[in-house]
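Look at the two complexes coming up: chain A is in both, with chain B in one and chain C in the other.
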Partner chain A sequence: MAGTGARVEIEGLSVGYGSSLIIDGLDLDIGAGSFVALLGASGCGKTTLLKALSGLLPAANGRIHIGGTDVTHAPPERRPSTMVFQSYALWPHMSVAANIGYGLKLRRQSKPAIDARVDEILALLGLQGYGDRRPTALSGGQRQRVALGRAIAIDPPLLLLDEPLSNLDASVRQTMRSEIRALQERLGLTTVLVTHDQEEAMIMADRILVMDRGRILRDGTPEDVWRRPMSAFVARFLGADNGIAADFADVDGGTELTLIDGSRVVLPGRPAFEGPGEVRFRSAAVGFGGAGNGGDGLRLSGRVVSALYPGGRHRYVVDTAVGSFTVEESRRASVGEAVVLAVPADELHLFPADSAEGLAQHLPGGGHLRVSRPVTDCLA
Partner chain B sequence: MSRSSALALLFVAPALALVAVFFFHPLALSVISAFMAEGHGPTFANFARAAELYSGDIIHTIFVVTSATLLTLVVAIAISGALTLSASPGFVAALKFVYRWPLFVPFIVAAQCMRTFLARNGLMNNAFVALGVFDPMTTSSYLDWRGMVITFAWKQVPFVTLLIAGAMASLDRATIEAGRDLGASRLRVLVELVIPQVMPTLLVAATLSFVLMLSVLSVPMMVAGSQPTLITVDMAFRINAYGDYGTANALGVISYLIASGAAIFYLRHTLKDDGR
Partner chain C sequence: MRAAVVQVATGAARIGVIAVMAFAVFGPLANLALWAFAERWYTPHALPISWSLRWWEIVFRPTGDAMASLLTSVWIALLTVIVALLLSIPAGYALARLKLPFRTLIMVLFLLPQAFPSVSIYINVARVFYALGLAGTIPAVVLVHATHGLVYSVWIATAAFAAVDRDTELAARDLGASHFHAFLTITLPQAAPGITASAIFVFLESLDEFTGTFFVGVPQVTTLPLLLYNAGMGGNYQIASITALILLVPSIAFMLLVERFLGADVLSRIGR
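Entry: the complex of A and B
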């Protein structure tokens, strides 16, 4: 029953609603059988791209090939893709079995063949005995499985997932992530997942595309994208919430950072650029440094202004002379306590600022997101 | 009885009194008089006379109103489906603009328009003759049951469309997209996925239209003057020509039973759906 996933080639694709183009001139090649996550904030164009692939949104320009066939102008019913919708979009007047078997019915398969395939899918998804129920009588996780079953019943060469897990409880979501991933690997389906959840993309996909304003800012394996975000926007989106504006200079083969309070820090390795820029790092990468504990990296003294305990590690907000930062640390500290923040050099991501606007992105309420020029992260 | 519920009853009392005096009282009187004959006491004589003289018209009424309801539904579903599933925004806007007009035309005016439109030398036949579709010698008048069905449908389609298109618009759009995504044509999406989801609204619209058309006097009078006609015309005739309230009321009770049939049909379907 293993379907063979199709290769997807997109050339110069432009697509939008009415006269406004959301995506303009996008190129993308998705290998057969791969699992790609489109990651981005609301309005970044990820769902638009998915709808263009499915045919629900017509392409204004460019070409889409699925499995070597040009489907640019084909309506959704003539494309070899199926989609799992965010709302599941199950038909309430049909039984679970009828929902799953509908695509096969449209393909004029015989009743016994449809029944057999539906039973197979129900077993695959752990829904044995639910075939006669109405979707309204199912839990969220079960509905999600039915929606997935309906999409994979016809062995689609391309499976499109539009935020399929966003309506589920945290625990069900965890289970479904690994289930969908296992199923995709087993069936060999080319899969495109749209999500705004960075963790979901990291866990499920073998390739991540970070999108913003209809463009692909970063394209790579989860680990590569995580370690080398290449732009401040991507770094921020992948959890590097802490940012410091700094001036970068090449000093004796090292990178000298001049922070806004005038203090200087030297990091190992030559900088990839000089002049104004910013440093970003994740809250999990910061620790409380002991006094005199030197080493490479950034050290900032400050004071705890807020302390939360979400379970596991404590979460603090620490005010320093160059800004306030969130810190995840196992040591207990109380509000008002003086601490030293230490960030190892290899956890710092450095980006040039194209303009003052570029630095606004990590300031509270600071303007719209400005993407800095992708550069090779000098320390990675 | 507590003080507050007594007060509540006091508030609705005027409305209840109005309903009792102006609705239940005449209804009860007419039903009772259907089973009474002057100087004879309780009898089925009125019903016997109604059956003897008008059984043809009773069947004709059921036939015309049912046909008109079905035609109304078919056209309204086609328009609603086009409004919901069309990919052309210009077409949808134009259709939306046009389809509501008959809503604001009274039945009597609609009937009058149809007289000139459907007559042997009416606008419709003339147009077909001009187009060369019909031969001028073989044109016939549509001013019979067909005229009534067309007039009823013309008048009721906007109302039914309004209800059905509204229900279709409030469906989760993704349930339509999911059908197309799996490979269903627009027509299949309409028939297999959209209509079943708006079935409750469809049944309400059909029942209301059926009952409304059953009570119209102007259309059968103006569009189809000759026999057979609808029982509303017969009722008016019994009263105006003979002062025969007994037979007219018997016909009224029969018309009420036909309407109840539609209501039972509607209730059975909605209850069956709720039970699942």
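Entry: the complex of A and C
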């Protein structure tokens, strides 16, 4: 059954509600059988793009080809795609089996063929014996499965998932993530997932598109996007919550950062840009540095202002002269304690100021760091 | 001790209020029931002097006026329901789903026939129907009843359609159903309980309607309420009471059904 997925080509697509365009001139090519996640905050245009693919929202301009066929102006019922709605949109007046068999019935399949296929889908989703129940009699995770079963029963060349897991408990969500991924790989369906959950996108998809204001800011494999966000916005969206404003300069083939308090740090490698910019890093990448440890990266002295223990590692907020940062650290520290934050050079993401799409410089690991002023001077 | 007295007093007051309300509701009904079986009954006697089933025989005689007008009433009520549904299903769907200009105005328009004194409206309707040669026919009465019933059926149908999750309809279209097929298989079945309830309201209103029938139907069309009126005016309280009791049966039966059909989700959307 594998390999039923279709290639999707989008050229110069513009979509919107009324006269305001949410997406304007978007190009995208999705390979057959791939699992693409559209990742972004609400209002970034990811759901609009999904609706445009399904035909629920008409395209104002541009072209959409699914499996080589132009479907730009086709209504939803004439498109080969099927969608799993965020609300599941199951039909409460029909049994689970009738819900799943609806698309097959529309395609005028014989009753025994429909029954056989419905049984197959129920077995595939671990819902054996639930065929006669009403969707309202099922748990959230089971409903989610029925919605998925209804969408895949007709072997759609393109499967669209609109925040399919957002209404589920954390534990059920974890299971469903891997189940959907395994199913997609088994059936070879081209799948487009819309989500605002970075972890969900990373785990499920093999290609991630980070969107903002109707544009695609970053397009790559989960690991590539994670390691090289390429813009401050994407970095922030992928968990690099900590940011420091800095001036960048090329000094003897290294990158010199001047922080807002006047302190200077030199990172290895030539800078890709000079002038004002921003350094971003994840809270998990920061650790408390030892006293004598003058190694790689950035070192900042500060004081713990809040300490939380969510399990596993402690989560601290540390105030420094250049801002306050969140830190995940296994070592215990109490509020008010003076600490030194250390971020390895290869965990620092550097962006020019206002770099929604700007080129980012990523530093190779293993370089050495020069601190032109003792970091302890940073302490206010 | 004092608390116990207060408790007894409030208990007694509560029972008193319930008794007054029960009398207001069941007093007239008891009077009807007594009259239906009375042979002779006049003041100062508190209860009928003699009892009889004679009038029931007269009412239920196959050739009697009562059975004929009951049939007419039911027939008119059924036709009224059909006319009202044919209009209110598309109208309710449009009002619930489409972005119509002047939506509120349209909703209020259906309320208008109820807003003016009915006699003045029906006199003019009768005049128009006379000019059209419609007066005194069943279609004339059905039209008048349907106009009257549309406010219920359109408002309830709108609420029923609005209560149907739009995504369920879109999901059907996404799977390949045409707009109309999605409406028939997904939207309408989900709105069906509300629509059924509105049909029941229209049916009961039609069965009960007097003023409009009187102006456009008399003398050719005699419904049960008209028969009741004639019997009452003629001083035959027995026939009037039995007719009234007959009219009660469908009302009570349907009210019980409506309560089952109309969920809170639909009721809360009526008039929005």
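Simple rule for what comes next: the second predicted complex is superposed on the first by the 350 of 380 C-alpha atoms of A that agree within 3 Å, B and C clash if a C-alpha of one lies under 4 Å from a C-alpha of the other, contacts with A are read in each partner's own complex, and residues count from 1 in each chain.
In this text, a contact is a pair of C-beta atoms (placed from the backbone, for glycine too) under 8 Å apart; a residue touches a chain by one contact, two chains touch by 3 or more.
Only a predicted model underlies this, so the values are computations on that prediction, with no experimental measurement involved.
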item: Partners on chain A (chain B, chain C) - clash or fit; value: clash
item: Which superposed partner A:H93 touches (first chain B, second chain C, both, neither); value: both
item: Which superposed partner A:L56 touches (first chain B, second chain C, both, neither); value: both
item: Contacts of A:Y102 with chain B and chain C, given as first, second, both or neither; value: both
item: First, second, both or neither for A:R134, with chain B first and chain C second; value: first
item: Partner chain in contact with A:T82 - chain B first, chain C second, else both or neither; value: both
item: Chain A positions touched by chain B in one structure and by chain C in the second; value: 54-56, 75-78, 81-83, 85, 87, 89-93, 102-103, 106-107, 150-151, 154
item: Contacting residues of chain A [partner chain B, same complex]; value: 54-56, 75-79, 81-83, 85-94, 102-103, 106-107, 134, 150-151, 154
item: Chain C residues within the chain A interface of the complex; value: 165, 167-168, 170-178, 181, 185-186, 189-190, 192
item: Residue ranges of chain A touching chain C (in the complex, touch as defined); value: 54-56, 75-78, 81-83, 85, 87, 89-93, 102-103, 106-107, 150-151, 154
item: Chain A-facing residues of chain B, complex; value: 172, 174-175, 177-185, 188, 193, 196-197, 199, 276
